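The first chain written gets the first letter, and so on, giving A, B, C, D, E and F; residue counts start at 1 in each chain.
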Amino acid sequence: MLLKEIEHFLEEDCGHEDYELIVPITTVCNAEITVKEDGLLAGLEEVLQIFDYAGLKYSTEFTDADALRAEDVVVRLHGSAAKILKVERLVLNILGRMSGIATLVHEYVEEAQSGNYHVTVAGTRKTTPGFRKYEKRAIMIGGGDPHRFGLADAVIIKDNHLALMGLEQAIKKAKSAISFTRKLEIEVETIEDALQAASLGVDIIMLDNMTPTKVKECLQLLNTSGLRDRLLIEASGGITKENVREYAATGVDIVSIGRLTYAARSLGFSLHVRT
Amino acid sequence: MLLKEIEHFLEEDCGHEDYELIVPITTVCNAEITVKEDGLLAGLEEVLQIFDYAGLKYSTEFTDADALRAEDVVVRLHGSAAKILKVERLVLNILGRMSGIATLVHEYVEEAQSGNYHVTVAGTRKTTPGFRKYEKRAIMIGGGDPHRFGLADAVIIKDNHLALMGLEQAIKKAKSAISFTRKLEIEVETIEDALQAASLGVDIIMLDNMTPTKVKECLQLLNTSGLRDRLLIEASGGITKENVREYAATGVDIVSIGRLTYAARSLGFSLHVRT
Amino acid sequence: MLLKEIEHFLEEDCGHEDYELIVPITTVCNAEITVKEDGLLAGLEEVLQIFDYAGLKYSTEFTDADALRAEDVVVRLHGSAAKILKVERLVLNILGRMSGIATLVHEYVEEAQSGNYHVTVAGTRKTTPGFRKYEKRAIMIGGGDPHRFGLADAVIIKDNHLALMGLEQAIKKAKSAISFTRKLEIEVETIEDALQAASLGVDIIMLDNMTPTKVKECLQLLNTSGLRDRLLIEASGGITKENVREYAATGVDIVSIGRLTYAARSLGFSLHVRT
Amino acid sequence: MLLKEIEHFLEEDCGHEDYELIVPITTVCNAEITVKEDGLLAGLEEVLQIFDYAGLKYSTEFTDADALRAEDVVVRLHGSAAKILKVERLVLNILGRMSGIATLVHEYVEEAQSGNYHVTVAGTRKTTPGFRKYEKRAIMIGGGDPHRFGLADAVIIKDNHLALMGLEQAIKKAKSAISFTRKLEIEVETIEDALQAASLGVDIIMLDNMTPTKVKECLQLLNTSGLRDRLLIEASGGITKENVREYAATGVDIVSIGRLTYAARSLGFSLHVRT
Amino acid sequence: MLLKEIEHFLEEDCGHEDYELIVPITTVCNAEITVKEDGLLAGLEEVLQIFDYAGLKYSTEFTDADALRAEDVVVRLHGSAAKILKVERLVLNILGRMSGIATLVHEYVEEAQSGNYHVTVAGTRKTTPGFRKYEKRAIMIGGGDPHRFGLADAVIIKDNHLALMGLEQAIKKAKSAISFTRKLEIEVETIEDALQAASLGVDIIMLDNMTPTKVKECLQLLNTSGLRDRLLIEASGGITKENVREYAATGVDIVSIGRLTYAARSLGFSLHVRT
Amino acid sequence: MLLKEIEHFLEEDCGHEDYELIVPITTVCNAEITVKEDGLLAGLEEVLQIFDYAGLKYSTEFTDADALRAEDVVVRLHGSAAKILKVERLVLNILGRMSGIATLVHEYVEEAQSGNYHVTVAGTRKTTPGFRKYEKRAIMIGGGDPHRFGLADAVIIKDNHLALMGLEQAIKKAKSAISFTRKLEIEVETIEDALQAASLGVDIIMLDNMTPTKVKECLQLLNTSGLRDRLLIEASGGITKENVREYAATGVDIVSIGRLTYAARSLGFSLHVRT
């Protein structure tokens, strides 16, 4: 984290209150962060940086992506009680949200790979404004693929581009406009569009809102026409923990799932002073 | 929203990519934002400000806190297609996250008030770093109470303060240190502590992790000792949609519930260009 | 102080001039900060943080809120002469402005409490834009109450609200809109309004621009009507060092005084290199 | 003002509270800013920019540097009541602080120029951290000279430089290090140093903490030695409204006075809604 | 440009000087921006946004990427003279630097494509800190490819990665760590490494510091081994206007050239008030 | 450098990518920065500050303004490989751009001073937006004068001021408006204007776009009229390495040259990991 990110988040929680009012500033104590439920740890690297910023000492037996069991002591802290209380909520919120996402991603990955060992489970841009960087990292820690970070890495031609320009023109324009360092993806809703996009040359085709059967059919047609080979195929839209295995089993390369971030709930952590 | 907040969130999504690469910058179009499922609208005021920032024209028949039915057209847009595509994801993420929280809060409020018409359903500081302001506002739109924003409004003596200083000293110190403009709340886990805190004089007592039965008992003892009257009593810890009614029925003034924010999922919205 | 606050203030004074032009960057020296006149020390904690930022070593026998006598050596410094010269003016300005306010507050507190030992002397929002956090802290160090920091903590219904909505509607709207964690205060100019506000239920009533006699009368009527008990009463408007004792003696809980910040003058400090 | 400055100051006062809670957002009203006492107007240009930012309409018959009489209506406003209430305190604080300084400066200028019509009354860097730009501008509006803004415009060799390097070396080093576009000033405490500095070639000599008699003597010696001509001579240290005329009458070019900013008190303004 | 970028650049040039001191703020005038030499226009879109920010009216017959002839009037301006003078230097610096780069890129593209019509001329990350976004855009306007913006889009395994990990391990690690949405490029200095990288599967191979002959040989070996087909081959290192045609003629897909940015000189523009 | 400047530049290059993906975060290594060509070192102080920020250890035998020979090892580094790779490009870009400018300035200074030992070679405001501070410092390191930093130090009356107000009025207005701490310069294109400006009293006259002969003639006329003495005379416009000596030899005090920054190319540096 940049120092300015740490201060931006701390300021959100502390406002103008730089000085703990209740606990004497000379009080020193130990504290422990424990997890309340099983899950996958994410956000540890971030919170350790926050402890460094606050001048707190710490030790831990874990690293991000480790499995946690309820009651595990994730970090042991030592230092100014006032400073521990000042960073407490931010640190718990980061651990909670990131581990919550990582845990959910991990469940999806397990389920999806039971249907297709090589499938990639990917996130989307459906993240909380102001916290995407950490939600994307949590996806990676959970074993998923963050997908593009924002508009400035891979280029995706989406439904609205197609509505505005038509598929052929959109692909042509994109290919002439984007850097050779960036991949070109297109989101299509019909098999016809998928085949046309493949023949016009893109790197990735996202099959949006198709049933697993439709996805399978599309993959076969791409195979038949010899276009499958150089393409990554991504299924997206309406994929849940219930059907992700079926989607994976179609042979797609990637399943991308908005709810990895927009429907994740935080994992419970708490911080207790030990005197 | 401040201009700097809008630009901070936009920059997160767009990076250095100021210029839509695919759609000609002269293209003008209409677009509609529709909701995919029933829920309570929140975030509209924010996204209209973003449209103003982007120079887009809009109309809407809704205001925040309105009930939405799946397929409702929430906003109609007109303007530069490139600019619509640039703000699309941010706008949908704001509407989705805020409406998701508002919808969940509304459900809790309905359920809780079926047990006690006067109960207040409140949030906590368990929010996503960088987006608290909007999550708190979503709670209010949903009919809940945002609770304190951060460390700088009401003062809460929490478990860690008690561990460090003991209840009596913590209350004394807090009362001497905080402004008369701020309320003093204390979080207790036993009835004894609640009674002692009440007699030492605080504004709000949070009964943490007590069963509804325990809460009731505590309220009765406070009543008996004549201390109930000037106090707000808040129940917190482990309150879910299943038991919120029972907690409310104990007669507490407030139930505060972390999962209003940390376990909310986004409401689905989409934006479609209409040509 | 956040690092970004330190850099914001330093940049104001140093602009693009990162490098001391005259003194060789290898020169190391001692320096002392002395106070030129009697007063109350405030801002020490801030300037020590600035010395930490600049990598300077320091020692001091004082803490904030200590009484200073003219010529006292407040801080002894050791380190890079160039860095000492770079932070000199900022550090003196912070000490000067904060100690000036703290000293003035202390004088008001002494005077007021000679009339009523239990009275609270409070500041207002009449502060210098960009420096409120430190002016409010100086008030606290001087023994005063900072009053609400800004619009986002306690809610105050002021004359303009009354002009727009009337007293009854304003109170009703405020009570339905604000969090249970926040106090509700109302500013009134007549005894009638004070009584009505008290009966409608607010936490604090500010009697604005009333003479001490009027204030007394109002307190008696509130007493008589049994409404005094749960209320904090604040007198405000035109309170000076000359009449503050009289106001305090009326029995109000708080006297709030804009001139604690808007009419404070800095206390004199200087920094001298000792070679 | 830059938009980011406006938002920085507004955020200080409003925190996360973007939305007025009491007054309906649809309410539109008129309002007037009046001055409570005689003085010199400063800060008008800034507050009009804030009204533009807030989308408020305004009219005024004044411009900065105009004399104000108590009860003058300085600005008439029209627009959203919620927005008027949101900017009210910031706007009054800017007008108050800037006009307070301008008024004080004007008094010093009148007094000083009664002793020497050509004397310049200048400020110092003893300003409130975070608000210097506006305090310096207030000095100019009041008829004074802002003096250097910070370390990055004119170079001043001060007592601490002399302690570290001696006068001759400091001047030599400065002359070799600074741009030809910048003036070189030196602060001296003895006539000997003044003469030596003059002979070594500087642009401005500040006679620090000398009595008017001493200043006069120094000027005569400079005259005699033919060095006065190309120099600006500035008197500084302990100059008050009582003695400024005497200092001016010595024939110095400039009197610089820290208390123009560090001892100024705000001029009273108030904003009233007119319904 | 974001408003904050405009203000960041303006503040660099104007500092605390918000108000033009010489020209009356009521003066209105016309002005013209003319180009002093032939070249390719870039930066127009940016400067028009700055004029919008400053409230200036403008007209132009050009768009970015247009060829300019010495003395062409690029933009006609109308509005406040003070504001025109305030933005003048920033606007000229943006036009100058961006057009200078675009012009140079265009010359390289012409020369390179005379050797190989399909070759792409690309930039690098050797840009001026703080201005990359605009230098990259100038490359695009000049007909070049911006190459990756920074570390966060395409991943490039460079010489230092190879020194640390060896080629095979570096590719393996990268392939397992990066998102499917990102391309993987490797920089190699020998033909052996190029062949090995190709067989391990990367998207782009950069042949660093090879002679055109060596590049040709490498391409042939890749062809022979059937690996050329799915790869983009980029030549880099020591490519100048003199040899770019020869490099292009080897059949590489891309030539990337640091001096497009690090050795570009500004194109001359000037702004003249027309009264 | 301020921490916020370091983070602003780093963020430009690294975006959201806080974590090196390829090299294990535990890998520690040595590295060397070498220069590829002869030149003058500038930017070292800045890059050492960046290494401090990144927690890297370093040693160097050089300081800014030292002459470098191709292949010199400028800095030796030790620390986290991931962190070295993260700052590598920023550090090389700073060294390259600053040393490139310093080297070019040094060449101009040598050439100019061969014609007139006392001449000052100065830069202009024709710098890259966002990087002026460092380009100005590079000019100083190269032995040149940075000229005014921006609009807020010396005041220059330029052609556009003359077009708007005429010379006499512009000088009068400027003299009444600017602080005594600032120098007043005027840019003129005719000898008549130079003489008039001299007689009206300015500190510096810039002779713009005059031939050396014209400059000489102007200097003689100023001499004759006894006005030369108190003035600095600056020649500007069209000065190149070819004619700078001739301009210097006219006896002007300063030659100012935009191409010191706008036409400088970077000096080549590279960073190599040593395992």
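Keep in mind that, in the parts below, a contact is a pair of C-beta atoms (placed from the backbone, for glycine too) under 8 Å apart; a residue touches a chain by one contact, two chains touch by 3 or more.
Bear in mind the structure is a predicted one, so any value in this text is a computation, not a measurement.
Looking at D-F alongside B-E, one finds more C-beta pairs in contact between the chains of D-F. Although chain B and chain C share one sequence, what matters here is the overlap of their interface residues, and that overlap exceeds half of the numbers used. Looking across D-E, A-B or B-C, the interface that copies C-F in more than half of its residue contact pairs is found at D-E. With centres taken as mean Cα positions, chain F sits 45 Å from chain A. Centroid to centroid, with C-alpha atoms defining each point, chain B and chain F lie 52 Å apart. For chain D, the set of residues that touch two or more other chains comprises 3-4, 15-16, 132-133, 149, 152-153. Residue ranges of chain A in contact with chain B, taken from their complex: 8-9, 12-17, 21-23, 27, 29, 31, 81, 84-86, 88-90, 92-94, 96-97, 100, 125-134, 149-153, 155, 157, 159-161, 163-165, 170, 173-174, 177-178, 259, 262-266, 271-275.
Those residues of chain E that touch chain A in the complex are listed here as 120, 122, 145-149, 152-154, 179-183, 185, 204, 230, 232, 253-254. Those residues of chain A that touch chain F in the shared complex are 1-4, 45, 132-133, 136-137, 149, 152. Against chain A, in their complex, chain F makes its touches with residues 3-4, 7, 10-11, 15-16, 18-19.
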